[in-house]
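Right after this note come the structures.
First chain A sits with chain B, and in the next complex the same chain sits with chain C.
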Partner chain A sequence: MSLLRSMIVPGWPRYIPGLLLCIAFALIVMNIDHVLGKYHKADAASAAIPKIEKKLAEARAAGDSDTVAGLQKKLEKNRESLEKVGGRAGDRWSWATFFYQTLQFKYVAMLLIGGILIRNIFGVPGVFLPGIGIARPIIKPGIIILGVHYVWSDVIRVGGTGLLLAAVFIFGTAITVMWVCRRFGVSDGLGGIMGAGTGVCGVSAIIATSPVVNAKPRDMAYAIGTILLFGTAMLFIMPYLGRAIDVSEPQFGAWVAVAILNTAQLIAAAEWFGEESRNTAVLINAARIMLIPLIVIFAVWFYGLKTKGADAGFWKTMRSKFPVFILGFFILIIFNSLNIDALGGPKVEGTPFWAMNAVYKWFFAIGFAGIGLSISIDDMKKAGGSAFLVGSGAATAKMILGLIVVLLIGTELLRVTGGN
Partner chain B sequence: METSSGILLAIDGEQHTESAIQWALDLASVLNCELTAVHVRDPYLKQFFNDIYAQGREEYLEHVDKCLVIRGEEAVSSFESAAAKAGVRHRTVILDGDPVEKIRSELCSHKYHLLILGRKANTGIAAWRSRDLPSKLTDALKDIPVLVVPESCGLRKQKDPQ
Partner chain C sequence: MEKETLKHEKAAQGLSSAKREDIWALIIAFVVTVISIAAPDAVHTFFKKMLFFF
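Showing the complex of A and B:
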């Protein structure tokens, strides 16, 4: 009984209103996304049907039975898409294509942009704020579930490349930022949190590092504001930039995993760009976040700090700062790699892994609703001081260097196959 | 129970409130009334504790609390020594929460005649970035006079009794 009681979060009722708000927001947006997607598919089908019919007639005349069978299947699929909206060939829903395809206005964008608009134009009453805050980490179960998309060969190839990429960028950024800060007389507290924050995981790293380097509240506010500002800007800029320079989905996933600091934001940007991009980003990010404890240990060493109490020592710091939940992600990868028939796969209908894959988007949607509703322009306005200069320099350098590196690596080394 | 409490002064330990403290001490001295200094510990930074991969959350919250306590103690002790030096009757109040809400509720629960607070000499982007507590309080308080002392006012010299 006492074990059960210890599992209940103290003051849990205060999280309910905000959590319900995020669930309701996610529910509405997912439905809009579904409708928009349906009409976009119908629009594409309506345009494609006459062309397929023409090709089919040509194939029939040429007596090419294989092509005829393939085209008939395609035609059937397109007619199904049209039937879903009760339309006929020739009908157009160009507005749906404009929003869904041209503007890429999918559920991620709707939740983030909608959340930002609600928070900053209409405001969110205080009663919802605790629950909105707690909704963001709901992305975590979604990330664990995504383990069913990978096999060990992906972890070794993409994760290995990603780990190397992440380690070089994380420690390269952290060492450079801490060195530059010390060189220009920035306080150890600010230098430490900016080094960790710009190196790995943004606000998460600042939270892990600030007690260790004894950062001052003003510096923390500057650093968090800067990280949020650049994270939010990149979250919206990078998907469009990626399409403009025509990087492949796996390359984009690796690029955001290197360039965007806040993990929730990078997953949002990658999910927005496409499924392959998300798979690569999540795997590289899993490798990346495991480096958080090492960054804290590096900051302790760099500033010659003496930690005391429960967190003293290498292994104790590793244990206290290690993101334990990521082990769930790797356990699912092991199960998926073992090819156990009873568990099935994410694309094998009616199996446990298929069911898990079907719900991950809901965890993401609730989490993204929490992210959108928590992005406050007032928080970003706090970006300033030396933190802004350091943050802007590090963010720009990482974005440019990250792009060059992923373009050099190429697509195949970054593509998640899922065993297919 | 409501009591008459003279002047309320908002302090945050920042440089720009120094002029406001001096003005408040001068006014309380001239009017011979009690000066109450209020310091609000704003838990703003705590809201980030549950960032998605945040590790060591308890440690972070304890660190923020410790910083807020130290900052509050410094602000209060600086005010108390200035008030004692000026020979003004004074008391201090430390509250936790949103500064606008807490200062407003302190003003509502006691009958203060006046609120005094400082303002940063910000222009351009710095002014846009500022949370501008004086404007928010002036907007929120319709019935109580508010004296906003700009940072640029500088420290006024104590009058020579001779």
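Showing the complex of A and C:
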């Protein structure tokens, strides 16, 4: 009964206005994205149809029936895209292509940039703020449902590579940051949370580590401000940087999973870049966040601290800091790997997994709305002091090293096949 | 009032906010799975078509 009671957030009605605001914002933006996507597809179809018709005529003349069948299917699909906007071959909607493809102005960018503009230019009334804060974790059910996209061979290949990558980068960064902080006289509290924050998962790792390293509230504000500032900057820079460097989608997914510290932000950046990139990023991130309890234990050992109460002991720390939602993600991967006919797959029409595949994006959209609306320039100004120098140095080094490593690993080892 | 505050504090102590988020995420995902098993077409139509107004 007490467990049931503790599941209800104290003072829950105050979260409702903000949550509804995020849902409404996500709904509007998803509809704009849908319209932009529809016109972009029509624009591409309009340009493609004359070329396909020409090829079709050539294939018919050559008597190549396989090519004819393939081209006819393609032609039908393109005509369908045109019909959706009531257009004809030759009509152009280049504005849609400019926004959707050239600028990559998809729902992720609209929610993040739009949210930041609303929050910092028009302001968000205080009544909405608590709910906006809890909208971000709504990404978690989306991550679990995304499990239908993977099979075990993906987990072993991509997740195994990712786990190794994450472990090296997490402990490498955490150890370096903690050591540098100690060497330059930064307090143990601030050094500990900056090490965990820049190494693992940003804000959640800072919160998880702060009680064990006795961090002061001011230290936490500095560390969280620095992590937020870098996470936000990288979230916007990396997708464009990735396109400029011309990394593949799976490589980009692995890169953001290493470089960006916050789960929601890295998934936003990867989703922005492309579907394949998101699939790789989510899997590597799942491997990474499982390491959070270990980094807390490492911080305890590094600073020689003795913890009390619920956080005491290796297994108790593992249990209290382990992100249990990730188990749901792995359970769905197991079911998808078993190829159960009754569950189908994300691409098998009329099956449960196909239906679930239509849902996850909405959880992401509400979460991204929460991220955008909660990014306050004033909060970021709190980044400062030695935490800023150490954090920014570590984050930049991790981004550059991460890029080198994923380029060396190549695409195939990081590609999620998904089965079905 | 004081009793109510105490109750809230105890409840908050029971599960950390991260743990609570995780368990709610599992519950929501489970509900989505059950509804998707019961009515896959309805779920797909709702999230892929009905929520898009234009």
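The rule we apply is simple: the second predicted complex is superposed on the first by the 411 of 420 C-alpha atoms of A that agree within 3 Å, B and C clash if a C-alpha of one lies under 4 Å from a C-alpha of the other, contacts with A are read in each partner's own complex, and residues count from 1 in each chain.
The criterion applied here is as follows: a contact is a pair of C-beta atoms (placed from the backbone, for glycine too) under 8 Å apart; a residue touches a chain by one contact, two chains touch by 3 or more.
Please read all numbers here as calculations on a predicted model, not as lab measurements.
With both structures placed on the common chain, the touch criterion links A:P137 to chain B and to chain C.
In the superposition on chain A, A:S320 makes contact with both chain B and chain C. Contacts of A:V9 after superposition: chain C is touched, whereas chain B is not reached.
Judged by the touch definition given at the top, the superposed model places A:T263 against chain B, while chain C stays out of reach. Of the two partner chains, neither chain B nor chain C is touched by A:D246. Contact with chain B, but none with chain C, is seen for A:D378 once the two complexes are overlaid on the shared chain. In the superposed model, A:D341 makes contact with neither chain B nor chain C.
Once both structures are placed on chain A, chain A residues 134, 137, 140, 204, 207-208, 320, 323 are touched by chain B and, in the other complex, by chain C. The part of chain B that touches chain A in the complex is made up of residues 44-45, 47-57, 59-60, 62-64, 67-68, 71, 128-129, 131.
Residues of chain A that touch chain B in their complex: 129, 133-134, 136-137, 139-140, 201-204, 206-208, 210-211, 214-217, 220-221, 224, 262-264, 289, 292-293, 311, 320-323, 367, 378, 381-384.
Here chain A touches chain C in the complex through residues 2-3, 5-11, 27, 30-31, 34-35, 134, 137, 140-141, 143-145, 204, 207-208, 320, 323-325, 327-328, 332, 342-344, 350-356, 358-359, 361-363, going by the rule given at the top. Those residues of chain C that touch chain A in the shared complex are 7-26, 28-30, 32-33, 36-37, 39-41, 43-44, 47-48, 51-54.
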